[in-house]
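Letters A, B, C, D, E and F mark the chains as written, and numbering starts fresh at 1 in each.
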Amino acid sequence: MIFSIVITGAPYSSQASASALQFSRSALKLGHSIHRVFFYADGVHSGSALAAPPQDETNIPAEWAELAREHELDLVVCIAAAVRRGVLDENEARRYEKKGHNLSPNFNLSGLGQLVEAGILSDRVVTFGA
Amino acid sequence: MIFSIVITGAPYSSQASASALQFSRSALKLGHSIHRVFFYADGVHSGSALAAPPQDETNIPAEWAELAREHELDLVVCIAAAVRRGVLDENEARRYEKKGHNLSPNFNLSGLGQLVEAGILSDRVVTFGA
Amino acid sequence: MSDNKKSFLIINRKAPYGSSAARDALDVALTISVFEQPLSLLFIEDGVLQLLPEHNAAAIGQKNLSANLAMLEMYDIDQLYVCSQALEQRGVRPADIKLNITLLDQRGIAALIKQQDQVLSF
Amino acid sequence: MSDNKKSFLIINRKAPYGSSAARDALDVALTISVFEQPLSLLFIEDGVLQLLPEHNAAAIGQKNLSANLAMLEMYDIDQLYVCSQALEQRGVRPADIKLNITLLDQRGIAALIKQQDQVLSF
Amino acid sequence: MTLHLINKTPSESSALSSSLSAVSEGDALLLIENGVYAAMPGYAELFTRLPGSVQCYLLENDVQARGLKDLNQEFRHIDYDEFVELSCRYSKVVSWF
Amino acid sequence: MTLHLINKTPSESSALSSSLSAVSEGDALLLIENGVYAAMPGYAELFTRLPGSVQCYLLENDVQARGLKDLNQEFRHIDYDEFVELSCRYSKVVSWF
C-alpha cells in the first residue's frame, strides 16, 4: 500500500506529530511505502531545526529527520503555512530579508500541490490533526 | 491599574496574541500600565523574528515589537516552553549548539518566575488562551 | 480508478477567524480544483459559521473569508453541502447563506463520505 | 493585601498528554510555591483525568505526569480540589485517586474562585 | 467579583459550560473571539439559568468580524476600551478556553 | 468502508459526536490520543446507538500512557501495527479532531 501522512498539529501542543511518527514507523516496518509526509498549519513546527527539547523527551523534529534519512522519506512543509509561522529555509530567508533560517535540512518547503498530488497518488491519506 | 498579560496561543492557530495586542493598546491608551506580557506554551511563537506573514495580514511579532519600543513593554517568553519549540535567543542557540537563533530582539527569554512575579505585582492578570 | 482521478471531500468543522482552519481548508479546496479532481465541500458543526455573510474581519486584523469563498465559484467548485442540523442548532436560516448550497441530514452526510476516495478534515 | 502576598488558583481543565497544558500548569504551580504564595489547584472537566494513577507515558514517547504530581507533595502544595461531577461523568471513583484531594460541587467551585486574588487556567 | 472571559464556541470546547457553572452572584461574562457565537439565537437557552445579577457582554470587534446579527439581547456589545474598563471594575479576570 | 479516527475527549471537541453521526454500516471507529478517554465507563451510552456492524478500536499505547483500566468492552485494543493494517483494510481514513 502507498500511504501519505498529513500532520496539522505542533509538537507539545498536540500529539499529532508523535502519533504520525509511530504510525509511519509501523507502516514502513510492515513493508508499505510512504509517498509523502505533509506538514500543514501548526504541523510546520515539526520541521524546526532549532527545537531543543529536554534530553529525556522525544525530539520530534530529530526523529522525523532520522526516519527520513533511513527510508528516503519526502518530508514536505507547506510553504505558505511555514513562512507566516516563522519556519524558513535559506531561500525564503533571503526572499523575506531575514537574518536566519531554521528549517531542518531533511525537510523541504513546497506548496499545497504536494498535498493534493499525494492524495491522488496514494492509496490512503491519514491525517493526524491538532 | 497595573496589568499583566499572559498569552498561551500561537498566532494563526489562535486569536490569542492578536486579541492581547488590542487589549494592551487600549489599556495603555487609557493610562494603565502593563507590568509584563508573558508568552507561554504555544504563545512563544509570537516572539519569532522569522515570521513573514503576507503583507495584507497583521504581522503579530512585529506589532508586539513596535508596541514594546513605544511603551518600553517587558515582553517575556517562557524559556522552557520556547527552547523545546525552537524559539531561541543567541545564548540558548550557543548552549544547544544550534546554528541560528530566531527570537525577535524586543523579546526576552526567562523563567516562569517572571509569570509568578507578574501575578504578585499586578492588579490584574488577563490570560488570552489557545 | 482511471487516469489518476480521485474524488476529494473537504470537511469543514471549525468556526472562522478563531483559528486558521477555515482558510487552510479553502486553500486546499482551490488547489484540488487546480488539479481538476472531483471535489465536494461539506460544512458541519461550527463549519457552517464560515458561510454567514457580511464579515468584517478587519475589526480583528484579519482578511475576510468571504473573498476566499467567492473564489470557490470562480473555480467552479459547486458541490457545497451543509449540515441542516448544524444550522438549526445555531439558529441560522438556510436563506441567510448566499452561496448555492445543498442541505444534508445525518444520513446524507454519511452517504456523501461513503462515496469519496479521499477525505480531508479541517 | 499585605507584604506582596497574593492567593493563586490554578484551574486544570485539560486531559494529560494530548497537549502540554497539564505539564505547563504543574510547572507554574511549583513556581508559585517557590515564591511562597498561597496556592490552590482545582481540577475540573477533563482536568480530573490528570489524577488517574499508573500512567505509562513512555508508550507514547512522553514522561509520566505522575512525577510532577508527586512533586506537589514535596513542595507542600496540599490544596487540591476536584470537581465531583467531572469524576462522576467519566466514571472515576474518588478512591481511584491516590492524592489527598477535596471534592467540590459546583457551588464549592464558584466559592473557591471567588476567594482568590489571581486565577490562571490551563 | 469576577469577570469571566470565554473565547470558544459552545461546541469547540467546554469553556462556556465550565464558566457558566463557576459563576457567582455579581460576576460578569464576556464573550470574545469565537466565544461570541454563543450569543446566536440557537444558544439562548444556555444563559437562562444565570443569576440576574450576572452581566453579559460581547466584544463588538469579534461580532463584526464574523458578520453576526440578531444576537441574544441579554448581551451588551462593548469595544476594547470597555473590555479594559470591565477588567478594572471586576476584582479579577478568569479565562476559559 | 471508512475507518474513523478520533483523537479528542468527548468534552474537548465535537470530534466524537460528529464522527458518530457520520458513520455508515460496516465502518470502524478507532480512538487514539485523548480520544481513548471516550471508552471510560461514564461515556458508554454514547456508543449504544452504533449499528452492530461498526467495529470499535482503541490504540493501546494511548490507553497505557493514560493509566486507563476497566474500559468499555465493546472496544478491541490494538497496537500501531494493527492501526496500519486497519488503514489498509478500510478503503479510507477520516480524521475527526
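Note that in this section contacts are C-beta pairs under 8 Å (C-beta built on N, C-alpha and C of every residue); 3 or more make two chains touch, one makes a residue touch a chain.
From a predicted model like this one, the values you see are computed outputs, not experimental measurements.
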{"item": "Subunit C to subunit D, fewest steps along touching chains", "value": "2"}
{"item": "Shortest chain-hopping distance from subunit E out to subunit F", "value": "1"}
{"item": "Chains touching both subunit C and subunit E", "value": "B, F"}
{"item": "Top-ranked pair of chains - ranking by C-beta pairs in contact", "value": "A-B"}
{"item": "Identity of the chain that, by mean CA position, is farthest from subunit D", "value": "C"}
{"item": "Chain at maximum distance from subunit A, centres defined as averaged CA atoms", "value": "E"}
{"item": "Between subunit F and subunit D, distance of the C-alpha-averaged centres to the nearest whole Å", "value": "28"}
{"item": "Centre-of-Cα separation between subunit E and subunit A, whole angstrom", "value": "38"}
{"item": "Chain centre separation in whole Å, for subunit D relative to subunit A (CA means)", "value": "34"}
{"item": "Multi-chain contact sites of subunit B, meaning residues that touch two or more partners", "value": "8, 12-13, 15, 19, 22, 41, 57, 81, 125, 127, 129-130"}
{"item": "Subunit D, residues touching no fewer than two other chains", "value": "17-18, 20, 45-46, 60, 62, 118, 121"}
{"item": "Where subunit F touches two or more other chains, by residue", "value": "7, 11-12, 14, 33-34, 61, 92-93, 95-97"}
{"item": "Interchain pairs in contact, sorted by label", "value": "A-B, A-C, A-D, A-F, B-C, B-D, B-E, C-E, C-F, D-E, D-F, E-F"}
{"item": "Contacting residues of subunit D [partner subunit F, same complex]", "value": "14-18, 45-46, 49, 52-60, 62, 88-92"}
{"item": "Complex contacts: residues of subunit D adjacent to subunit A", "value": "17-20, 60-63"}
{"item": "Residues on subunit B engaged by subunit A in the complex (per definition of touch)", "value": "10-13, 41-42, 45, 48-54, 57, 61, 81, 83-88, 92-93, 96, 98-102, 130"}
{"item": "Subunit C to subunit F touching residues, read off their complex", "value": "11, 13, 44-46, 106, 109-111, 113-114, 116-119, 121"}
{"item": "Residues of subunit A that touch subunit D when the two form their complex", "value": "12-15, 18-19, 22, 56-58"}
